[in-house]
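One structure is given here, and the rest of the page talks about it.
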Amino acid sequence: MDIHEYQAAEIFGRYGIPVNPGEVAETPAQAEEIAAKFGTLVAVKSQVHTGGRGKAGGIRIAKTPEAAREAAEAILGMDIKGHVVNKVLIARGADIAREFYLGVVLDRPRRQITIMASAEGGVDIEEVARERPEKIVRALADPELGLHPWQARQVAFQLGLAPELINGFASIVMKLYDAYVKEDATLAEINPLVLTSSGEWIALDSKMSFDDNALFRHPGIEQLRDLAEENATELEARHSGISFVKLDGDIGCIVNGAGLAMATMDAVKLHGGEPANFLDVGGGASAEQVAKAFRLVTADPSVRAILINIFGGITRGDVVAEGITTALGQVDVKVPIVVRLSGTNAEEGRQLLAEAGLTAVDSMDDAAAAVVRAA
Amino acid sequence: MSILVDRNTRLLVQGITGREGSFHTTQMVEYGTNVVAGVTPGGKGKEVAGVPVFDTVAEAVAATQPNVSIIYVPARFAPDAIYEAVDNGIPFVICITEGIPVADMVAVYAHVREKGARLLGPNCPGIITPGQAKVGIMPGFIHMPGPIGLVSRSGTLTYEVVDALTKAGLGQTTAIGIGGDPIIGTSFVDALALFEADPETKAIVMIGEIGGTDEEDAARFISERVTKPVVGFIAGRTAPPGKRMGHAGAIISGGAGTAAEKIAALEAAGVPVADRPSAVPALIRAAMAR
Amino acid sequence: MDIHEYQAAEIFGRYGIPVNPGEVAETPAQAEEIAAKFGTLVAVKSQVHTGGRGKAGGIRIAKTPEAAREAAEAILGMDIKGHVVNKVLIARGADIAREFYLGVVLDRPRRQITIMASAEGGVDIEEVARERPEKIVRALADPELGLHPWQARQVAFQLGLAPELINGFASIVMKLYDAYVKEDATLAEINPLVLTSSGEWIALDSKMSFDDNALFRHPGIEQLRDLAEENATELEARHSGISFVKLDGDIGCIVNGAGLAMATMDAVKLHGGEPANFLDVGGGASAEQVAKAFRLVTADPSVRAILINIFGGITRGDVVAEGITTALGQVDVKVPIVVRLSGTNAEEGRQLLAEAGLTAVDSMDDAAAAVVRAA
Amino acid sequence: MSILVDRNTRLLVQGITGREGSFHTTQMVEYGTNVVAGVTPGGKGKEVAGVPVFDTVAEAVAATQPNVSIIYVPARFAPDAIYEAVDNGIPFVICITEGIPVADMVAVYAHVREKGARLLGPNCPGIITPGQAKVGIMPGFIHMPGPIGLVSRSGTLTYEVVDALTKAGLGQTTAIGIGGDPIIGTSFVDALALFEADPETKAIVMIGEIGGTDEEDAARFISERVTKPVVGFIAGRTAPPGKRMGHAGAIISGGAGTAAEKIAALEAAGVPVADRPSAVPALIRAAMAR
């Protein structure tokens, strides 16, 4: 789960990280008011769940309250990579001497949490990682004991910081790690972490994402969810225990199992079609789940045909077929449906489906080809 | 031969009286797996499919000497169940549970390794040695004994490929589902090493998906250490970046973890990669004939 | 550092352990008032830093407010193993069905924190440990990951608790362990932990001690210190970095090093004397430290002679001798002093001391014999 | 021969620029110890007694390949210093620091063991192999090379006994102070095993004190595994129960840890126990003559 910059800054602040105080505006008038209150140069920053805001023109500097109003006018309503800007953060300008990058992420290959830091801050860190990997300093946290202070200091020394700056930087590293672990984050990032000309550290941009599987122990984080930022259909799906991701094509997919669902999308593409979604209906493929899946898929007007791909394992194919026909009684599906049913009692299932007037086949390839033709 | 489970497996089921636990225990017993005990706190004295239930792993170990444990307990209790198993000396633990927080698994993974034990999963379908032991939630009947070792990050997609292999007359030594989470106990590399060392396994099928770099690591390992023919399949060629495709681990992030990269890495290691599951048996036959 | 039962109960309560609510009285009238407010049978419990209060008559049951007053009258001012009772805790009587023991301590041989529990609660656990060790159930916490819930449950099962009681007991185990670790305790104990006839758990007596070395990170615990319970001289010594323990004899001891200080006490005894104290003056044995040590030792009127035992290691013996003579200029010591000085430049030091009119010898045995004669 | 430190010791000093660290570094260098590097964060480029200072252990290791580290940093930073040493591959770490919280040492002890490293202390005087390497805070000049291995929980009491031994013409292979805290990295048993295996050590002196059961464990170990003569001394016969005698670990609690018990255990294991430090040399001579 993602949150906005201003929310991440609030969390980082609770952990003792020096963040740049700011306020959120939802209208140009509010933006002007806040800027006037601050009485200084401000940054007007779009609050959307995506990166590259700067390049897209979603961050502007305003020297006067009027300029802040104009900047907010320009940014609010803007579409940045498909995200519409509903809020801007008005933050005081900082006296930047140097910019650093500091992030905490999971190092998957090593199965450990890792600190990443770079003296090249304020830019796209993935680009730095690709093109100048030697500019990135890392430290792996002990999986049982956590990050040690000596590791935080070592990162600071490796960045080439002067002795008097070591403890301040290391302390921010420890706090960011602490926030990451205590809040069950999947990302905690400060970019840029700024050193002012008076030698102070300020987290100028804060970013945090969370482990969906751990939200149960962080009700406060769940409340930070911005529903305007989330795809309503994906949210609805999650509440039904269905994994759903909207895509750009026109072939709706309903599959049991995440891996098979991806393979199904790939098969549609392979046969010349474009999948409209990823959908893993979960284990049993009961009538109820299939009905929900139909509702999710047909909510997308661009869907012109639906491919149901079920491998009957523990669940019997005839039971799945009954589920599909029952679901069709509950949901009015107006586009062609192709069912691929394989595994336990698949033949009986396919017969039941054929009796209900559905195209039911044994092979995934045949089904993909058929649904592309039907669309 | 086979890897990790076979006729000598003495299986413990943790969470045996739960809905999933009792259902799959019955299935495993029916398949012929030697399920020796179950654990559910407060369940002592009960039986599930004829299997005696104990309150603690320690009691179950003392009474029945299991050498493998499978875990069917909810996500917030599953890490504790893994600790209970390995701390009581069970050398191989399979965790079926989906939805365990990543932070919990960081510590679990390290601890299991320290104890010299092996974890399979979490969020995996388990492992089966056809005709000997089914330890998981996979449908047993689609499998057939034979020379192919299969390792996969997925569940139903694995069944799809196993079904295709079996229908093509290609049986399996062992099929192992390593799971779809960002942190898993047994990686492709671990499974490949075991298959390489198993004399009955003549060829290996490896089914990957987007996310992480385990397939790339596997490709490197194959080119350096695996002498047996390997065929691959990677799901998610059409998956968009930044979106989690069901499995917590199936996400392309920061431009890394794409199917294209994984396929390229495998092909560079001499591993033919099928463009669809149904193409796997033919590629395996061709690879074995070489 | 030790605290009172009522203070420990307050801490345990903060960790979610069900404790028996009570109030502290310092006068019989307060005791009566509290008992009247409770309007039920109460226990009147002496609050002193020692065990065996029950056997000493320091805990009484009172059925009426008047009886509570009388009990408080009897208990306040009582001397229990050298501890004078200044406070009583008035606590509601509980409907006791079963009594358990539950404690968290360090298992020194294994270098791990251990849970100890017994179905034989309410009695001296050390006696149970000695005489019926099989009645004690233990669980060793993982040194890096802490106590696992399965271990807490296993303890509950091993005590033979019925299935419906397991989670309640295990939860108290987890919370007591949590309190022990988070507060840097050296002991966290509930004895008895009571099961009421309605199946509820109540911690009827709470006990907690803390690691002196960790108090720097627990300012709140330091504030719980009851100065009336501490030996003023020992406290003063601690503030000067001197380890001091009052004993019953008449030979004052001033020694550098804890092991040597104990060996010095033993030597005094071996030569027929009785040490008046344990005193480790610390590393350097500077004039300032020695002067403080003189003040501490001479504060005890029963001291009839003083043995100074210094092994000059890194610190030179002549420097130590100067320190001693300087200290004697600052503190008026009226009892005979015997100095044993050995090690670096010891001879020069002894000569300096002899010139100052002090008995200075080379051997610890000779010094012990001399001081016993002098007393 | 000797144990743990000798001419091949390449010593790192953590906290080298502090008051204690710089003083004792000078002393150790003067004794002839091969001190190769020091660490103090922010101290890079400095020198103490001719020893180069680095910011981090990693840098010191890369530049000077130390194989032993000694720690002179304050109690609240000492655990971190131990982790830094062992995580950077130093196999033997000596912690002089007094006053480290017990809870910190529980985790440190476990971690050091996992890493396969050895810790001596904390709250100990260190270790000396006379004529070869002094790694600690003991006065070097009282020691003399010879056939006696000495292990002790105490500081000045050890010097007392060493002095008596030297004056009696009994030199030492190595004298090791294991420290007075409740949790220490190297126990009597560990040191006894090392002396037993050291061909030059002909007899062993073991100096214990009240508190804990390490002396009892040592007695058991001696009766089962030590063939060389051992002589003991136990401080604290007159110590009262429940009172901490200076050292955090020197406390009789719950009736356990008394000098009487320890002396009885040692004598039952055939170890003569001196009634005063000055009696040790004669007992050692008698034991060696047997």
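We just call them A, B, C and D in the order they show up, numbering each chain from 1.
Keep in mind that, in the parts below, a residue touches a chain if its C-beta (ideal position, glycine included) is under 8 Å from a C-beta of that chain, and two chains touch if they have at least 3 such contacts.
Please read all numbers here as calculations on a predicted model, not as lab measurements.
**Student:** Along the shortest chain of touching chains, how many steps lie between chain B and chain D?
**Tutor:** Tracing touching chains, the least step count from chain B to chain D comes to 2.
**Student:** Take chain C away without moving anything else; what clusters of touching chains remain?
**Tutor:** Result with chain C masked: one piece.
**Student:** Using each chain's Cα centroid, which is most distant from the centroid of chain B?
**Tutor:** Chain centre farthest from chain B's centre: C.
**Student:** Applying the document's contact definition, name the chain pair with more C-beta pairs in contact, A-D or C-D.
**Tutor:** Counting C-beta pairs in contact for A-D and C-D gives the edge to C-D.
**Student:** Where the CA atoms of chain A average out and where those of chain C average out, how many Å apart are those spots?
**Tutor:** The mean C-alpha positions of chain A and chain C differ by 55 Å.
**Student:** So, what's the distance in Å between the C-alpha centres of chain B and chain A?
**Tutor:** 27
**Student:** Which positions in chain C are in touch with at least two other chains?
**Tutor:** Where chain C meets two or more other chains at a single residue, that happens at 144-145.
**Student:** If you look at chain D, which of its residues touch at least two other chains?
**Tutor:** Expected reply: 107, 111.
**Student:** What topology does the chain contact graph adopt: line, ring, star, complete, or other?
**Tutor:** If you draw each chain as a dot and join those that touch, the picture is no line, ring, star or complete graph.
**Student:** State which pairs of chains touch, listing all of them.
**Tutor:** A-B, A-C, A-D, B-C, C-D
**Student:** Would you pull the chain D residues touching chain A in the complex into a rising list?
**Tutor:** Per the touch definition, chain D meets chain A at residues 41-42, 44, 55-59, 77, 80-81, 83-84, 87, 107, 111.
**Student:** Residue numbers of chain C touching chain B in their complex, please.
**Tutor:** Spelled out, the residues of chain C in touch with chain B are 142, 145, 148-150, 153-154, 157, 163-164, 166.
**Student:** Inside the complex, what are the residues of chain C that reach chain D?
**Tutor:** Chain C reaches chain D through residues 106, 108-109, 111-113, 126, 129-130, 143-144, 181, 184, 186, 211-214, 216-217, 243, 245, 247, 255-263, 265-270, 275, 278, 280, 311-314, 342-344, 363-365.
**Student:** Applying the document's contact rule, which stretches of chain C touch chain A when the two form their complex?
**Tutor:** 144-145
**Student:** For a test of understanding, state which residues of chain D touch chain C in their complex under the given definition.
**Tutor:** Interface residues on chain D, with respect to chain C: 27, 75-76, 99-107, 109-111, 137-139, 141-142, 152-160, 163, 180, 182-183, 207, 209-210, 212-214, 217, 233, 235-240, 243-250, 254-255, 259, 275-278.
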